[in-house]
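A, B and C are the chain letters, set down in written order, and residue numbers restart from 1 in every chain.
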């Protein structure tokens, strides 16, 4: 073997080890989270742990139902707000915006995604939460709050603006640029001729977007939405600030509540024993949920990379 | 034969660039008019004036007139959506929408608020038959149109255009992306269709222009060089440039 | 024709709504930046960078100089490990392992790893590097950040090298160069602005991270940059100060948030500009 070949072999081995390290890290992470979760899962039983709402430090009884529900509820509420807004932005950028402005506006919105989540958290706590409490909560209480049966779910029970709704709104703001970026990229791939074919039949812009563009990009859109959902599930700092981290029944969307990440951020460092193991179980669920979301998203996006 | 459309002193600008210069020509009813000329001569630009496709993009400007029943279709008062409904267009490549065969053909009808399912079915079948593609798709009406062959897709697009009963169909090199057999089917279809509609076709292919069209217009650098019956253009043109072009010594 | 009118009206409403969405998005960006700017600049004092933390009741005293340095140190150590490892791994996937199944798996797994919630990575680092060591330490924090950086850089590198035309490599092979020399001298060189941008964006992402540090390097009030102990962190300090009831501390949190935001956004802008510049030139 010549020295060139030896060096190449060494280079190749080092590179191969670096590539394999991702595999090793993800596997080690899954294994570690599982091992650390075991004490809690065996003590309470998997199903019981998933469905139990207790979170009692004194008696050391822990259940995942509330943090799990809070995590999914806040992410879902965020998507309900963020998806239409992000689609609107994507439509504006691809169909309405003059091409000179398009790049600048798209870049500005992408910057929104680059702001660290701790900043969103602070802004949410000091600016957004009081604003929502003052302007939005009374409005919702006066309208949806008057509905029979479900009305009380939209009334303010505890003052402070720190609640599930505020957390969802912060999440919505954080994922909008993400979804709009993917939607915009997908919409830009629609062949102009296809859109013109619709216009040539006398369709308006809106009809063309709704009936031709959206069907054309729907799987990519679904992929982007699932990916954004994964982000919302795992977002920590922004949520930890504004959700209130209160282990209590959810009486209203304006009640303080818990998510997996808020419980972890607030309790991990003071926890030990079963509580720590319960927190690891939550981390494990989050890891698994994220894994599933990403696998689904990747399938929908068709192997293409749509990161910002 | 009567004139359906009359292009009068038409100029067109992409921003500061003039793409059409003072073009004047008639489009005769129930005939096929071919627009030929080298790349960049303005033939597609002219075609896209008829359904005002240029309105979709900023900074485009028309000057002059295209008269239809005495009315200038380029004037501001004209409803572009209605105009486009009356002026079908078929593109270079087949453009099936991402939906079923049936929904593709029903697309324009639904825009016009035809909701009655039996009326829709009837019109869709009629259009598909007219476009000579019914036999090939009748068993797969509710499957995605992307599964059809290129030639079938193009005839589907023609059916989609026919379904809204346009007065004119604009063909923009509509056979250029197809294999020769599929292209021939489209040509035969065009000859059949001119009984009911008026056709304006842009083509790169001189033989095709000679075969299918009744009238031919040669364009060069945004201007109309010569317009006449196809036989005249290809056998005894008045201009030297036309003669050079149709005999392949030019362009 | 009423039907036509209602269609046009629908179009107008939909397009107006879309424009409003974009306007709202931009407005939010400006509001957030404006709030951070006003609150942050108002509270920004030189002592933030020159003094150590002080009790909240002391007026005009206290800063976070250690936290800035600590965060910088953690980010640097993480980048020093994560960037080269990611570049090498991505190089392996693009140069040696194209079309191999295991490499496709690693590539897919990296995409997935990019979006593992950072707090989960923090918990993992806690379990393997904090618990066995007996306490919070900087190595664990840097490791958590490096785990975030690695898959990002790996995927960026793979993508960037994949767009380098294969003929370029063949031309070099034809001259008798061994593969590692072709990679270092030709492939990396043609992809260098993309790799640079990828590295900057990855660093920008972890520089503002909080969650992975909470259970690993945690935070420290002392001006000590020892990676085997808890390391002061600016983001964890922001978290603690902002949640505190003391006005002097929330003010300092705003000032620090302003500095972090400006730094992260600048890194982003520089990274993107580098890529644009290359495309034009």
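Quick notes
Here is the rule we use: contacts are C-beta pairs under 8 Å (C-beta built on N, C-alpha and C of every residue); 3 or more make two chains touch, one makes a residue touch a chain.
Computed from a predicted structure; not experimentally measured.
Path length between subunit B and subunit C in the touching-chain graph (shortest route): 1. With centres defined by CA atoms alone, the chain at the far end from subunit C is B. Across every pairing of chains, the maximum count of C-beta contacts belongs to A-C.
Rounded to a whole number, the gap between the C-alpha centres of subunit B and subunit C is 53 angstrom.
Averaged C-alpha coordinates give centres for subunit A and subunit C that are 17 Å from one another.
In whole angstrom, the spacing between the mean C-alpha positions of subunit A and subunit B is 48. Of all residues in subunit B, those touching 2 or more other chains are 81-82, 111-112, listed in ascending order. Along subunit C, residues 7-8 each make contact with two or more other chains. In subunit A, 204, 207 are the positions where the chain touches two or more neighbouring chains simultaneously. Chain contact summary for the complex, subunit C toward subunit A: residues 7-8, 10-11, 14-15, 17-22, 24-26, 28-29, 31-32, 35-36, 39, 84-93, 95-97, 103, 105-106, 108-121, 123-124, 126-128, 147, 150-151, 154-155, 159, 178-181, 183, 204-205, 207-211, 214-215, 218, 235, 238-239, 242-243, 250, 253-254, 257, 260-261, 264-265, 268-269, 272. Of all the residues in subunit B, the ones that touch subunit A in their complex are 51, 53, 56, 58, 81-85, 87-89, 91-93, 95, 97-99, 107-108, 111-112, 157, 160-161, 164, 170. Against subunit C, in their complex, subunit A makes its touches with residues 4-5, 7-8, 11-12, 14-16, 18-23, 25-26, 28-29, 32-33, 35-36, 84-89, 91-93, 95-97, 105, 107-109, 111-112, 114-123, 125-127, 173, 176-177, 180, 204-207, 209-210, 227, 230-231, 233-237, 240-241, 261, 264-265, 268-269, 279-280, 283, 286-287, 290-291, 294-295, 298, 305, 307.
Taken together, the subunit B residues at the contact with subunit C in this complex read 79, 81-82, 111-113. Of all the residues in subunit C, the ones that touch subunit B in their complex are 1, 3-4, 7-8.
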